[in-house]
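There are structures below to look over.
Two complexes, one shared chain (chain A), two partners (chain B, chain C).
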Partner chain A sequence: MGLGQLASRALLRSSRLTTATRTSHFLRTIVSTPELHNSEVAAAQSQPEPDLPKRNPVGGARIHFPNPDDAIEVFVDGYPVKIPKGMTVLQACEIAGVDIPRFCYHSRLSIAGNCRMCLVEVEKSPKPVASCAMPALPGMKIKTDTPIAKKAREGVMEFLLMNHPLDCPICDQGGECDLQDQSMAFGSDRGRFTEMKRSVVDKNLGPLVKTVMTRCIQCTRCVRFATEVAGVQDLGILGRGSGEEIGTYVERLMASELSGNVIDICPVGALTSKPFAFKARNWELKGTESVDVTDAVGSNIRIDSRGPEVMRILPRLNEDINEEWISDKTRFFYDGLKRQRLNDPMIRGADGRFKTVSWRDALAVVAEVMHQAKPEEIVGVAGKLSDAESMMALKDFLNKMGSNNIWCEGNGPNPNADFRSGYIMNTTIGGLENADVFLLVGTQPRVEAAMVNARIKKTVRATNATVGYIGPAADFNYDHQHLGTGPQTLIELAEGRHPFWSALSNAKNPVIIVGAGIFERKDKDAIFSTVVAIAKNANAVRPGWNGLNVLLLNAAQAAALDLGLVPESNGSVESAKFLYLMGADDVNVEKVPDDAFVVYQGHHGDRSVYRANVILPSSAFTEKEGTFANTEGCAQTTVPAVPTVGDARDDWKIIRALSEVAGAQLPYDTLSAIRSRIRTVAPNLLHTDEREPATFSTSSLRPEIKEKMDMAPFETAVKNFYMTDSVTRASKIMAQCSALLLKK
Partner chain B sequence: MASVLRNALKSIREKGIGNFVRGLREEGYLSALLDGNLMQTKIHNIGATLVGVDKIGNKYYEKLGDTQYGRHRWVEYAAKNRYNASQVPPEWHGWLHYITDHTGDELLLLKPKRYGIEHKENFSGEGDEYIYHSKGHTLNPGQRNWTRYQPWEPKKA
Partner chain C sequence: MASTLKYVRVPPNSANMEEARKRVFEFFKTACRSIPTIMDIYILDDVAKPSQLRSTVASEIRKNAHVTDPKVIDMLLIKATEELSNIVEHAKQRHHIIGQYVVGRQGLTQDLGIKDQGNSNFLNSFYSGNYF
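Then we have the complex of A and B:
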């Protein structure tokens, strides 16, 4: 029971007292309970309390009854609650609005029941019961604020604090520690412990997670997370009793792309962030709710900043996309935002050296060169991290200059943007949980989109779904069948000759995921038509279920295809005289002719700057407002968390300014104006935070593909999980991770 | 008075008239003719004991006996035209103000080696380049760098 409820109950009682005295003030008795002397009031008092103040479920929890007959009623502190059968006592209490203290229980992990903090009293039970592990039974009378329950919690807390060091002032968890909070709320005000505390050797879990194992209270959340969600068997428990320790058994690093989540999950300061260690206190930080751009998942994040620097990144709950986890790349790449930043416009002089110039001069030079180039020789490439607004501005600007050679990197030389269902994840990330057979074609979700992989892992664990994989040998953290390495296997599947075909054809909800690495292949249309044929044969695309998916690689890809960033001609980079790179660092700059004039607009000095003639500094995603569409086509916006660096400006503002200098002024001056322009092109990008499903299915409307498939095996799309774009390549932590964790 | 004159004549004879006048100027006797404070100090000094000289040349005198208690210690500043109380370094401040009987030379031995910094007089009104500026001030030469990012350095490609 919360303090507020206690207070409100006390208030109710006192108000009843005052009204009673007012009605009978002429009696003037000297007893302390005058209302009992009034027969009417005394009669009302003897009846049970009429109706209790309404309580709301903890955290706005809602219950869903799969079967109305399975509803049972329990009483929590006298409140009747209807819950579905199979819920635990703790969940029933949450629905009733009572927050039970807990350490080991986590709603997304299996139940351990070993911390004993959630003890409550149940009527007719001889001793307090651990509510997290006890199923609620019909008619159960649960009491959460009786002296027995309080005493039990106080006793458990005393035991937990016995071996917990008193180092909160130097602990990074201080201020956001469950043990700290709950010892204040439920603990005793004094201890009786006079012996020595135990000490445990710290474990080395790698460059991301710092361990202070004396603080551990053996809740085993991290062990369960590692096995159940991350799918690695690295962590375990050693020893018994006071010798119990969490560890890796033999000294080794935690090789998981989700290892950072154990930091959030740890209720004490035993597992904390190594890069964040002793950098800041959590109450000094300003949280900004934003979206991650390092992969195409668009994980919801909170950017914690202090002054002008990003101090850390935490996940934000979004059941449809990332649940409450984020990948290590998302969590720890932020130090790349502080290194290798472009902060001033620069022009390469005749001697090949860059000279810092003013914006006016830089834009004037770019505009002049642009007018000298022929329209078909003007080429624009949007980078992996571009937001929809700036891509819209770039496309409009180049179109005004007469060129239509503009694309987004990662989409390949000839992207097919005709049907939205042909490049997004139609099943949705959350929808993957309903699948029973997965076919992964040339994609390794573990490195390409770690959160999608976690969802597949969850499905495999929950429903024993089968996973088939076609592509180069890869490391998966769940059971899978490696069907083949290239298009040959696809043909066999399409013709029904492959042994996996029986699993796929018998599946109720089959899911086929095609990797975006295939976009780079010349025969991608042929591959896609084969995949569509497989999907048709397996009945994967039907009303109510669309199991044909493309897993994109970059944050900008989906929005770029929505906006129609499709180049007019292939191989336009080779013939370009004027190349406008908007944060594009994976363009092969060696193919660019020597006499071409290259403008690099971006926030990091990564690869393309070395070929650039003019550098225009722009702001990173933590510094600007921008729309990003993730791989399932859900548009989300980033929010500026920190100020821009140096003289940098927002991408779309630079293009807008350049268009004016070049004499082809774009008709928008504000972000809302540019968004109304987007509304005419791709209105789904404006429906933020809600996914707009693709209306048409591709299977029937696609033209016949004549070309044959190339039998070359599929390639790995992401070579290094930790370093995929300019920001992550600038990050020291990501460099450490790839050095230590990718070592084979 | 006669002995003063005799000493003056003696030193003129020893050093020559030019050196004698320069000495007078350096000791502040010439400015004392216009500066009553300095003149009074000079008169005071007659018969007083020189307790010490600090590192910028201020002279600390004491005269016990026929001086009023609380006025028996004083300083003759090294600077003869532009002197003020902030020129007294902290180690002599205590002695001069009767806080302690230890002289500045004794207290100097207690000065912390690692973090003790040099005394600076108050330069208020002497121009922006002299006066104290806080760490974040643009005019502070040892100003802290608040840039929280590392810019990309263009190298010759």
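Then we have the complex of A and C:
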């Protein structure tokens, strides 16, 4: 927040004033800094200020002028600043490089203006004004550093601290608390409060958010977040005056997939993380900037670790993907990284039990069995959490062994990887904000990609966009029309017979989102061609706007399709003699023949381990460097935050080592070498952190589909939001969430 | 045995290399004589033979073969005597002895031989750890 800087400036100023005038402390004054009392004198003293060094906007903020005529000029502490019309005084100050203290104001939420911490002095106004709620007017002279402003802040601080417990030593927010920081910077140096403090009963918000409601300062950020971003009306304010409380109106849990974000926005320790409670202090943690892999959004996260342990996961700002929020699954699944881990290579003995062996022996056994299988009986499956490097290595290795039966989980039996625009989100997540009509086909974004859903919710709230949904009955946290459950509705839309068609055809920027659950259907090509027809009729794909999207489910999917992990034949699992599962836990192991040899390479003992003959332990995404492409096709890399567990190795290294033991050595020894191999296949995976749009649009280039659509309704792709992959299934917190929060 | 070793005194400095050399041999003999006791108190019968331990002692001494200063040799002898008496007095535990003198410093991976000769550097470093 840059408050430290502000604090030091405030301290410097006050010490200078203290030496300048010295009045006696005879009376017990309202303000502890007595100089602030005779503000006129102090104001006169601090009036003639010479040219100060140039100030830069807070946090490198940049202003965008939608209309150059609307620029107005205001003066902040004497500096002229040009800002667009409609900005608030607080925003003007931020652009002028002055960070105004605040509690209730949050740039992504509506303005409440109830904490009064952001009071500044404006010339010709009789009282200090709340800068967060006051629009800046042309020629306004704003003073942020005057005795009046300081006195106002000090007074507000004193009132806030009146009922705030002094339990910083046992508070989890300690060290990253806005109230702590700002009371150091702007508060009084002594208290006059002798009465009893108010106490409030704690609320039960579920297994994720711990509440200590006595600490609450009623900034109402959480209430506004719940209604505006999360779209649940669970939180509210009850009572008035000193009886004011935040709470759920009736005894119920906060059932939102974004509820963890209230922990971040709470400026005090009233809402803290329940799993993280009393586990660590924020200054002992090492932050690693990484990427989430539990869904296909690729939310930017910071992994806070202490030693070999991941202590918590926090969001990282990325305006294009997750803004500053993350879903509860992303935030709280990390305890799964400590459970059910595979740490040694193991071979299943004759008695059906696993025996720990050395890497040498394990690789030798795998290589020998692999040579006994016929090339077409060798099958490889990449899991939901695989990184691009290891998928590239696995594909190259299997190809060298003569097999091309390799695919990635979730992409279905016959994925269409010909055109990149056919499987990514072409509109981009940020671009969804420009849409005015959404058509969701067989996708429930709330559980499939919570951050995409938050973006749709934001658009619906901001522009009243219409949302039409085709699929099984599902939970939405914004207004939507349930058009139908299956392909029949799609046909009606394509033929223009459906009532929703008028909304779709009249839309300026229509967006059609197809769920990746449809990949698993046999008639997916027919469905896609119908969707393409709808998009064509609605003019959704045109120069400057591409509204035809696929919403993927897993972190590995987009990269797998980019790398061409497409199986040669259908149903190859049934005929496999040698099955290589690289973290694939959702393969139907029932279908695998009994005499097949199954190698499981992964980090968690999950479903597939029960069938595996050999286990090769690999590292999880927090322990390795890997490239992941998200659903909009933006490649991002994870960064190792903690060391690997036991004798585990990175995924691509295991395949590289196995290839040498099997006598089909892969030509890369380093991560950079494997990336230059990727460059020849999918160069977009190397442009990390910037999205490479798809070159062609598929609509005109796809072959004609003759097969008929199956009229069976669409199915729910994600049954349990909290448990979708091996890590989240191993997590205790996620198990509690699915027990308590899922609607039965 | 233990009681005699307890009172072993290291006499004043050796005057020349000859004397130092003689003392080294005397120490080696003392060490060899205490090997049966050591085998006994640390139950080493199933992990090592007396001859193995003798050669370990010898190789430990040979490690300092390059030292030519009698004063330094005396110092090393004092340290060696101290170590020996610690061992004989059962001031150590079994795994100390096994780790230091039976398994040796190259660790438990002693089979690095013909098997790994044809391997690439990558595979050899893969077998030894994840970070390379």
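A few comments on the model shown:
In this text, the second predicted complex is superposed on the first by the 691 of 744 C-alpha atoms of A that agree within 3 Å, B and C clash if a C-alpha of one lies under 4 Å from a C-alpha of the other, contacts with A are read in each partner's own complex, and residues count from 1 in each chain.
By definition in this document, contacts are C-beta pairs under 8 Å (C-beta built on N, C-alpha and C of every residue); 3 or more make two chains touch, one makes a residue touch a chain.
All values reported here derive from a predicted model rather than from experimental measurement.
Applying the stated contact rule after C-alpha superposition, one finds that A:645 touches chain B and leaves chain C untouched.
Contacts of A:653 after superposition: chain C is touched, whereas chain B is not reached.
Of the two partner chains, chain B is the only one that A:611 touches; chain C does not reach it. After overlaying the two complexes on the shared chain, residue contacts for A:716 are found with neither chain B nor chain C. Within the superposed three-chain model, A:346 lies in touch with chain B and out of touch with chain C [touch as defined at top].
More residues of chain A lie in touch with B than with the remaining chain of the pair chain B and chain C. Using the contact criterion defined above for the overlaid structures, shared-chain residue A:307 touches chain B, although it does not reach chain C. Judged by the document's definition of touching, no chain A residue lies at the interface with chain B and also at the interface with chain C. Residue ranges of chain A in contact with chain C, taken from their complex: 358-360, 619, 644, 648-650, 653, 656-657, 660-661, 665, 669. Looking at the complex, you find that chain C touches chain A at residues 115, 119-123, 126-127, 130.
Residues 146, 148-154, 156-157 of chain B are the ones that touch chain A when the two sit in their complex. Residue ranges on chain A touching chain B, taken from their complex, read 307-309, 337-344, 346, 352-354, 604-605, 609-611, 645-646.
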